[in-house]
Structures are given as C-alpha cells and as structure tokens.
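Each of the next two complexes has subunit A plus one other chain: subunit B in the first, subunit C in the second.
Presenting the complex of A and B:
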C-alpha cells in the first residue's frame, strides 16, 4: 500500500508525478535547513500512512538540486509544503501553502488529502 | 513520569549537561523540543554554517553536524531525549512540575531542572516586516539562503557583529550582491571576520545606516528596503529581494517568567561562578544566562557546571520528602 516519500530529482520527474497521481503533497527543503530536518520524520510518517499509488503521493524536492521547480512555485522559505490535485496547485484547509515546520497544519492537511484520496481510490476500485 | 533531573534545551549546554549526568548514572531526561522558540533541535548552531573556533575540529565542522554529534554522545550514555517542547513549569515546590506543548494537561515531575533554553534571534519589527516575513525576510540565512527568490538578487543583512559577517558571506553564494547595514560607524565583528567582510568583492558595508521599511511587489514578495543614513537623516530606497537580521538575541525565558530571577535584559541570574539560580534545584546554563560570551564552547562549559551542580544538589537531597523525618528532637529509644 505505502510507497513512502518520492524523492524528486528533476522537473520532468515532478511533472510525471503530477500526471500520474491525483493528489500530491510537495515538501520543498534544503539539506542544511534545521526546521526541514525537524519535520522530516513526521513527513515520512504521513507518507507512510496516507500514500496510495496513483492517488496520493508525498514528494520531497531539494531546492538546491531541483531549482527549476522551486523557482516555478516561487518558494520563499523552507520548508514549504504545497498541494496539488490533478496537476494543479490547490489550497488545503484554506491554506495555499504551509511555511515552516508547522506540524499541526501539515498533519491536518495530510489527513484531509489522505481521506479524499482514499474515497477516490475506493470509487475507482468499485466502478 | 518522575525524573531526578530534567534538562530543557538542545544546544551545547543541554547536551554537555546530559553527557555528564548520564555518565553519573542519574538518567537525565532531555527535552530538545520541536521548533522550540522557533529554532530546530540543536539550537542556534543549526542556523550557522561552519564552526571554526570549536576546539578539536581543526578543519572546522558544520553547526548541524556538531549538534548531531553532541546528541549522539548524550544518547550513547543513556540520556532519554524527547522531541517535545516544554510549555509550562512550576518551580514553586519540589518536586518541580512541568507539562509539554502537546500534552498540556499531563504533568511530570523532576527533583531538579537544568534550564538551557538558549536565546533566539531578535527582529526589528519594521513596517512591512509582518507582511514579508518568510517572503523575503528571514531570520536564518543558512536555512533560507538557497531558496530561488534570492538567487542572483540583491540581498541585505542588518547587523555589525560576527553573525552578520558570517551571514553576509554565506549569502554571497546565492545573491548577486550583499549590502550590510551597520547602525554604528564601525563593525563589532572580530577582526578576522571584519577583514574578510570588508574585502569581499560581493559585499558592501554601509555604516551609520538603518532599515526603515520593507516594501514588496504585487506577488507578495519583498522587493525593496527603505534605509536611512542616521548622520544625515537622508532616506533611500534600495532594491532588495532578501533581508536577513543579525542584530543580537533575546534569552528564551518566557517559560520561567516570574519564577526565576532575571536581569534587566531578561537573562536568568546565576550565582557568580556557578549555575545556581534563585530557586534551589534549578540550574541555568548556556545563552539563557550568558549575555557576555555566548559561544558554543562557553555554553558547553556552563552545561558541564550545571551537571556537576545538579549532581551535588541531588546527592544532598537524596531522601524524598515522605521519608525524611526530623529526628533531632527524639530522646532515646524504648
């Protein structure tokens, strides 16, 4: 069921993920960013709990090595979490993004996307 | 949970105390917190790059790596490390009581507490700062320097000390040019850092200059900084896509406000030459009680002192209150 965190290495790879997976959470981070490191275990836990192949994926994008993607989404602080549905950026629980290691907001967003993805997956399975 | 000694903090003072207490088999519990005071576990060193003045690392060591090693050393000797932030403490009676941010109703107790909560970077609260905070303004150059909005852009650092110099030089890796605003007519930085800064081709240092207002573009990102020359009073608008503060620190004493004696600047007062605070059984180490030196090595030093002070305190108070009976008035035995 779970396939953990998707490490994105190129803009193409991220585009492919958005094409093939209905809901995507993206974590923009850097190696030497303490807050990114602090929240990483929680993010991995959410990925493990909520990921459903083709329906919900949790991506990690290193802003140093995949600059193009970070630039495109105008990431201005780290970590930044963005949300996508059918390839389009969306807000979750009224927030277009979560900036900083805000674990409560991230948990709420991950739970909500997990629930939506589960419904879609169930509907797809029954049809 | 009851512990003999609880350490609150995650920097060099906290971990040095933990190493000593764990080796003394006092089973210390260390609350490293989760983004406590807005800083990741490991403390202020996680917001710096290379540490060149910590003895034992002749080639330098990254701040984060040094803290990872200290944490590993604490764990090696059996320190229990908890990644939750202590939100409340009650120092009015022993054992002391405390609760964490995520379980505020569940109280734990401790015979002694080592407060090593450190300090955090100060902000200026300029007009526009709230709006562009994290959208151009950052308290951590090392954390945020690599984000795309700063690439090949003009960046500004405010401050005249070593950390301002370090941040400015770090940012030259990303920005096209870095301007350092210094309120006074000279740098406070150590001569080696000042020399490096003043001779860096991508850095301009402007003396007698302060920030006045942060302005942004229609996309919600910072684009300009209004600055003022304090000698002439003349204002000028600089193009700036990033602003970094390096203007000193405030001690993290909100947790013990009103319960421990603090000085006019909010630092915990310790008995000179010791880590003893105004409450018996509570010890303070590191930046929370040090406005003078504030170095990783001096924090580690006071962390060690706090551990030894706590150990002595615990050995002198080994009997628990229930077992303790005053027998001095008893005359004979029937």
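Presenting the complex of A and C:
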C-alpha cells in the first residue's frame, strides 16, 4: 500500500517531509507549463508504485505558490526533479537533477530510489 | 539619475531577470525567470553589458547580436568573463531571442531590464525602451560607457567598437 503524490504548499511542509522521509523525489512544476502537465500522470504512477511511508516520498512543488522553495533550489526550468536523501540533495544515476519532461530518466531515477528505499525499509523492519 | 562614465563604480542593488539557458531541451522544458544580482556578480568579473531598444528589432537582430557572436573568442582573449544583452522586453522574450540567435549556453546571456529599471537610473531610456548603449565593468569599475544615438549605428556599442576599447 503506498501513498500518492505529496503536494507541498509551504517551505515548512517541505522541511517536514525531508525530516520524516529518508528518500524524497521533488517535482518542481507550474500550472502553465505544458511539459509539466505531460509528465504529471507518469509521476503520479511512479509515486503510487514506489512510495514507502517514511522511506520514499514523491513531492510536487508549485513554483508559483511556493516561490521560496523554488528559489532556494535555484529552479530555473520546469519540470525540474530533485532528489534528497536524509534531507540533503543527492545525485541519482549520476545526475543531481532532471530538467525537462524526460520520462526515461525519471523512470530510471524512480526505480533506483524505489530499490534503495525498499532495502532500507526491509533493514529497518528486521531490526 | 546620473549617467555612467568611465571611472565610476557600478551602482549597487542592480538586478535583472533572465531564464537560464537549458541547452537543447527546448521542447520539453519551461523556463522560469530568476533574478540576476548584477551588482554582486560584476564585483568580481569583467563584463560587457549591452542594452538594445528591442529584441528581434531590425538593427539589434541583424547587426548587434551577430557582431558579438562573431567575436566571442576575441572578447575572451581580452579577459571578458561575460557578455550580457539587456532590453526592456521580459525575461521570456529575451530567452527566446537568445535561442533564435542559436545561443544555447552562457556565452552571451540575454536578460530583462524590466520596466527599464536600471536604464532609468542612468538616464539612458527612450520612451519605455532602453537606448542603445554598451558598458564595460571591470571588477565593479566602469571602464567604458557609450551610447549609439545615430539610428542603425552600432559604432560605439557593437563588438568592434567595444573591443577597440578593451
């Protein structure tokens, strides 16, 4: 059983998510951005397939509504996908960010994060 | 408002907005304008700042930008870290203008002096557009600041004119 996408409405919400979830994927998007709309269904699908409460979450951050967070991470193009481990930004599959509606890279990153989160969750469950 | 001239310090608090170049991913990416803190960036760089009345307008498009594109290496050899084109057009128009000129990287940045905010402080505007001018800032100090007021002329602000003074 997994959650869907986590919609972030404030900097505090994002901070909370980073504090409580080991791995986080963040989708920075805008309502008026065509490519963002195009990739949204796939992102939602990855969220459904790979999310694990406390171990992997897929967040969506509207750059117009939560400007502070978008500016903090210097988001300059949408969609931009960032990756976090234990609250710190990390690279996945060699990329520190995916810029643009690149489904293949996003799928590979989601699968990788999913695998890592599953291992961590399993390890935590057996201790 | 006071015009800038060689020897002046570049003013504090000057910012522009621009959409960072994102390489070839034009079709699958939407640009988001970010603020460029010019005063802060110019403090430790050698920059050529060129203002044009309008993106895509005839002289600017046919002569001004091409003159710089042709001389990028020469500017680099004279120690110029960044060439920035500004106009009163918004950041998206400026970004599109850059792409239309085939600029995919940061060799020339295209930024918006929205509402001619900066150009007004130095009195170099015409109506709601900027005048055609070029300013060279070397680590915070203005070393060149000239206008081209003759229509269609880029004698002072085109690549050759500016290179001659570097």
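As a convention for this text, the second predicted complex is superposed on the first by the 127 of 127 C-alpha atoms of A that agree within 3 Å, B and C clash if a C-alpha of one lies under 4 Å from a C-alpha of the other, contacts with A are read in each partner's own complex, and residues count from 1 in each chain.
Note that in this section a residue touches a chain if its C-beta (ideal position, glycine included) is under 8 Å from a C-beta of that chain, and two chains touch if they have at least 3 such contacts.
Quick caveat: nothing in here was measured; it's all calculated off a predicted structure.
S.K.: What does the overlay on subunit A give for subunit B and subunit C, a clash or a fit?
M.R.: They clash: once the shared chain is superposed, the two partners overlap in space.
S.K.: Tell me the contact category for A:97 with respect to subunit B and subunit C: first, second, both or neither.
M.R.: Touch partners of A:97: none, neither subunit B nor subunit C.
S.K.: Considering only touches as defined above, state whether A:117 meets subunit B (first), subunit C (second), both or neither.
M.R.: Neither partner.
S.K.: After lining up the shared chain so the two structures overlap, which partner does A:76 touch, if you call subunit B first and subunit C second: first, second, both or neither?
M.R.: both
S.K.: Mind working out whether A:33 is in touch with subunit B, subunit C, both or neither, as first, second, both or neither?
M.R.: A:33 contacts both subunit B and subunit C.
S.K.: Going by the contact rule set out at the top, does A:63 touch subunit B (first), subunit C (second), both, or neither?
M.R.: In the superposition, A:63 touches subunit B and subunit C alike.
S.K.: Out of 56-64, 146-154 or 290-298, where does subunit B run into subunit C after the fit?
M.R.: 146-154
S.K.: Which parts of subunit A are touched by subunit B and by subunit C alike?
M.R.: 30, 32-36, 38, 63, 70-71, 74-78, 99-101
S.K.: Could you pull out which subunit A residues touch subunit B in their complex?
M.R.: For this pair, the touching residues of subunit A are 30, 32-38, 63-64, 67, 70-71, 74-78, 99-101, 103.
S.K.: For subunit C, which residues are in contact with subunit A within the complex?
M.R.: For subunit C paired with subunit A, touching residues are 19-20, 22, 25, 27-32, 34.
S.K.: Quick check on the complex: what are the subunit A residues that touch subunit C?
M.R.: 30, 32-36, 38, 63, 70-71, 74-79, 99-102
S.K.: Which stretch or stretches of subunit B touch subunit A in the complex?
M.R.: Listed in rising order, the residues of subunit B that touch subunit A are 34-35, 39-42, 46-47, 49, 62, 64, 83, 134-136, 138, 140, 142-144, 146-149, 151, 219, 221.
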